[in-house]
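Consider the two complexes below, in which subunit A is the common component and subunit B and subunit C are the respective partners.
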Partner chain A sequence: MSLPVGASGLSTQQVEDKLVVSIGPQHPGAGHFRFTITVDGDTIVDVLPDPGYVHRGAEKQTEYRNYIQSIPLLERSSLTDVTNIIGPFSLAAEELMGIQAPPRAQYLRMIMSENQRIISHLYWLGIQGIFLGHSTMFMWPLGDRDIFIDLGQMIGGARITYSYWIPGGVRNDMPEVFKERALKVFDYFEKRLQDYERIFFANPLFLKRAQGVGILKRQEAIALGAVGPVLRASDVKSDTRIDEPYCFYKDIDFEVPSFKDCDTYARCMVHLVEMRQSMRIIRQCLDKIPEGPVKVKLSPQQRTLPGESYARVEAARGAMAFHIISDGSTKPYRVKISVPSFRNLIVLKKLLIGSHVADMPAIYWSLDYWPVEADR
Partner chain B sequence: MGEITTFEQFLVRVLKIVFWLLIILPMIILPIFYLVYVLPVEFQCGFNLLTCAVKPNWTLAIDMFNPAEMNPFVSSSFISQLGLGANSMLFKSAAFPGLTFASVLASFVIWGERKILAKMQYRVGPKYAGRLEGWLQSFADLFKLLFKEIVIPAKADLLMFIAPPFAMMALSGALLATIPIGSSTYISNSSYSLLIAIALLSFFPIVTLIAGWASNNKFSFIGAIRALYQMISYEIPLILSVLGVVILTHSLSLSVIASYQTKIWYIAPMFIGAVVFFITATAEVERIPFDIPEADSELVAGWLTEYTSMLFGVINLAVYIKLYALSAIFTLLFLGGWLGPAGVPDFVWFLIKTIIVLVIFIIPRGFFPRIRIDQLIDTGWLWLIGLAFVNVFIAFILNSTGIL
Partner chain C sequence: MSLVKGTFKALYAAIRQLPKKRMTMRYPFVQTQLPGYYVYDPKLGVARPGYKGRHILWLDKCTGCQLCSIACENISQAIEMVKVNRAQPNNKKSIFPQVDYAKCVFCGFCVDACPFYALGMTEDFNLVATSKKDLVYSPEKLAIPPKVVRPKVELKIEKDVAFHD
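Now for the complex of A and B:
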């Protein structure tokens, strides 16, 4: 579509008729994040992601705090995934302090971590539903998410920010009734997942919208450094829980999903399978959990050995890693956080260019990009 | 609305409220006036409330070029009936089968939609406005919108921005004039009412385009362009799906079509046509899965983005009146209109059928995601037009063999 007629009569010069549309930070489909798309007709020809609206300097702030004081601070970066973001920080700090958490604490960490993964995935599923215009798939997962928040509340005490995974163990033990309650919840939720499949994942219109949309091939995913569900959807069986087992994941039997489709549909299915596997992991943990103490007594002003440490866990959105350098004082000298959201952001530009405008929300949210986590 | 500091601002606010009350109150006051003052007088004169119109006039052979019959609004009877009785044109178009009735019905459709969706999604839905299940929620929303400030973008085209809500309301009201809701309860009984209804439906995307263009907003503009794309994909199947029924009845009058269905409702022989009409009507009222022009996750609110306060409220009301009108046309074409067992007034049967159709229009919103515009065009041109032609073919066979 070009207008050959200029102001001074006929001319051969083409008129630029591309539309630059700013998505976010006040757009309902963006969150605390902005990207500018250039649209030609119904096709996106250029994307300019612009993160940083919620940068709070979490890395720098940890340099002025004790290790235990940093826990509630770091949690705020990823409110849907609180257990997993402080997990690698505590693991790295323990390595510097030269201590190890007791076995019961390790199992409790796994239970809480997998519970958190389900909470995060349900939140993701709700938003993916409403981004595709499916209002029931918005209400159901967000309603069922509350049940898992209740489970987390039974152990952690709070509903969202329970600062559970601390250096030296976990904050408190789980109550006696937790196992019974959790098994009841899982039985209910497995039935609900079948409902989800019927109304959303097997919905012909959803398949039409998701299949063959936003294809990220295996080689591209590896080359761009994608992590987590995005990488697994691109036919790479990569999972920190298998590759570098922490806690007692090597004793647990579970599957890592991977799909050959490499499209938005595959990324949605990875989340669905992972929720089932998380419940499977918690069931096994509840059977295997030993008795004993849940934390090592540490001083509030706990000193560390000088040196460096690096720890990585599999968070809901992918590999979450902390690199801590300590000079032997009560505070870390430097902390570097590697968050999965930020590593997956580069994929967004790759996938959006050449796609339809209407596919933009579906592709964007299938990467599970969480702006607050990416900006730290 | 902001803080009032000067007398001028106070005056402006009062004038705004008075302006909107002047528009809204006739809808409420007029029927009350008729119920309290006019109807009792007519009862005393031996007037029958339930058949509050002139005798049915089934003159089929009307000259096609008679403008008075082509257009219900310039008919000579319009002027002669401009009285105050329940038989008058004013009462019929403003109150009972017309705008007030449809507005009240539409507000209950909005409430019903919210309750039905809430039940599907394990929620409660509206609860507190009105003691019984929040049935007054739509009216509460109306008064909320009344008291909100109208924000007009600085670079919007003022006239073109304000005109579309009222144009849409006028078009919806005109659409109602073509719909007979009983054998003797109608606004106009034109022999071309179906043709007029389809012509009026084609006006809506133009109004949408004006609204999107005048808003001077990129999201509005994309939404308006999408509305045009959507129109070219559903308009032709919509007209073709109706053609089968027209072939069977040899008539373009909705009341004649409805009255022909005494033996069998046309949904049985014309099932394909009914399905195509239902799908295209869903696209016409921009409901999920076809709410592409106002896709909220990609286009904020599409062509409605810049509309606030009662400008938004009027558009919303017009869209729901259009939904009612399309359900009514579906009932007339395929479900036998007002035909039903005797004993109750015929428009009661019509309303029962129409409300069932409305509920069927509402339910897909809980099941389906939104489809993409290119997929809609594919569906419209590949499948719906083909199915509509199959339907026309079936109608030809049924008509030429004399079965129906």
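Now for the complex of A and C:
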């Protein structure tokens, strides 16, 4: 097997001593994804990411379905973050149909979107915990994630794939008991996050594994086109919710975290702060939500105007964008999905070269790479 | 923070959880409390929030218009219209939807497509079967409301503990 050996400051004479290790696609953490690393002793000298194991052609399949029928399909690409992958699709489709969702629907979209962000981040946190050998940090977030899944279920009617955003609004209003329950859950979870900090984020064993590991400098992050928590951890305050506000994010007061450390620890802390901010956003949304309809009634075979549209939202892993070209029929002519996972994959190559093999799981999962979403 | 102090703080955070009640639900003996049926109101154009589980078919309202089957066409092809031996004035062809739960994705767009209040989704999620044939629910089977098989419990949340009784 001949693999290119990257420049890493090591002399080329050592090529014969190097070992090529294949990680995945059966690796429990890597999911449906493989990467080949070349190691020199304990140091990684080359990385070859190999995505594409779960490519299902979601973009092509969308061309054979009308706008409503595409929703259950697109959700399957990003199961931890379903609301935010159909979000930009619905926004782009609405632009083509020349309609706008009613204000109450937009607030409900924000509530579901932020709830989904917490669910996704908790799942990420659980796996990051078990990757670092901290099994308590696997049990706690996945247990608490269920509480937020229950919240999503109250509105969406399913545990994970609720197909809630649709072009023209949302499918149903929230039940009356939701507000009371949500506030109770947030009070509980804010206390819980303090426990998380004590047991994991301030744990010296975690700090030793994470601080100064996998440094992605500000300039490199911008040059490589990183998005989402990875970019924010590299001291760039970039967030689609602030830069190009959709729904009613411009009326909501929240902070975008950014850290100067640029390492794995900073990428973990971004997730922790974002969970707090998401709860803050939902609290404000529940106060501000106006009365009114939640949906514009559309025909199931709704035709669109011919043209192009582009919509972007801040998903849990970063900016998620859809570019739809329509020829005026009931089905899109072409759909292009820009997913955050795929854009962060190139960062993996940059970070792993020169690091130790033992640091690989911590660095890999701190990028929150989701193979199914990246391959789409 | 020093290594010793930090380690003890982390240990203390874990030890504090020991006397608290258990969050895990003992599933086969009890099951979770779910919101009611997911039904769609075609006059208002919105659905009522509820759990999207197994379907329920109100046979007397179904006209055999096939809109649910058409809605499912490019999603999972789970709904097939079948002939049922049943005299019904509003359903001249006597065709009713039959759902294959080996294919259904529980998106509920069939419920949203029904203009006659004939289709809904129940909170029954327990669809375990020993063969694929058992997962095909005939219209008569869909018309039976789900039975309560085990006691239901709710997740209780207090100050800093979430637990199932």
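Everything below uses one rule, namely that the second predicted complex is superposed on the first by the 360 of 376 C-alpha atoms of A that agree within 3 Å, B and C clash if a C-alpha of one lies under 4 Å from a C-alpha of the other, contacts with A are read in each partner's own complex, and residues count from 1 in each chain.
Heads up, the rule we're going with is that a residue touches a chain if its C-beta (ideal position, glycine included) is under 8 Å from a C-beta of that chain, and two chains touch if they have at least 3 such contacts.
Model, not experiment: these values are computed from the prediction.
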Checklist entry - Who contacts more of subunit A, subunit B or subunit C? => result C
Next on the checklist: Contacts for A:120 in the overlay, against subunit B (first) and subunit C (second): which applies, first, second, both or neither?
Outcome noted: neither
Item to check | Partner chain(s) touched by A:143 [first = subunit B, second = subunit C, both, neither] | outcome: both
Next on the checklist: Looking at A:129 after the superposition, I want to know if it touches subunit B, subunit C, both of them or none. Which is it: first, second, both, neither?
Outcome noted: first
Next on the checklist: Just checking: does A:154 make contact with subunit B only, subunit C only, both, or neither of them? Give me first, second, both or neither.
Outcome noted: second
Next on the checklist: Quick one: is A:205 in contact with subunit B, with subunit C, with both, or with neither? Answer first, second, both or neither.
Outcome noted: both
Checklist entry - Of the partners subunit B and subunit C, which touch A:355 in the superposed model: first, second, both, neither? => result neither
Next on the checklist: A:19 in the overlay: touching subunit B, subunit C, both, or neither? Say first, second, both or neither.
Outcome noted: first
Checklist entry - So which bits of subunit A does subunit B touch that subunit C touches too? => result 136, 143, 199-200, 203, 205
Checklist outcome for this item: Interface with subunit B, subunit A side, in the complex: residues 19, 21, 27-29, 39, 42, 129-137, 139-140, 143, 199-200, 203, 205-206, 208-209, 356-361
Checklist entry - Inside the complex, what are the residues of subunit A that reach subunit C? => result 64-66, 68-69, 71-73, 136, 143-144, 146-147, 150, 153-158, 161-163, 171-175, 184-185, 187-188, 191-192, 195, 198-200, 202-205, 207, 293-295, 297, 300
Item to check | subunit A partner contacts - residues on subunit C that touch it in the complex | outcome: 1-3, 6-7, 9-10, 12-14, 16-17, 23-24, 34-35, 38, 45-52, 70-71, 73-76, 105-109, 112-113, 121, 155, 157-162
Checklist outcome for this item: In the complex, subunit B touches subunit A at residues 117, 120-123, 218-219, 221-222, 288-289, 291-292, 295-298, 300, 365-375
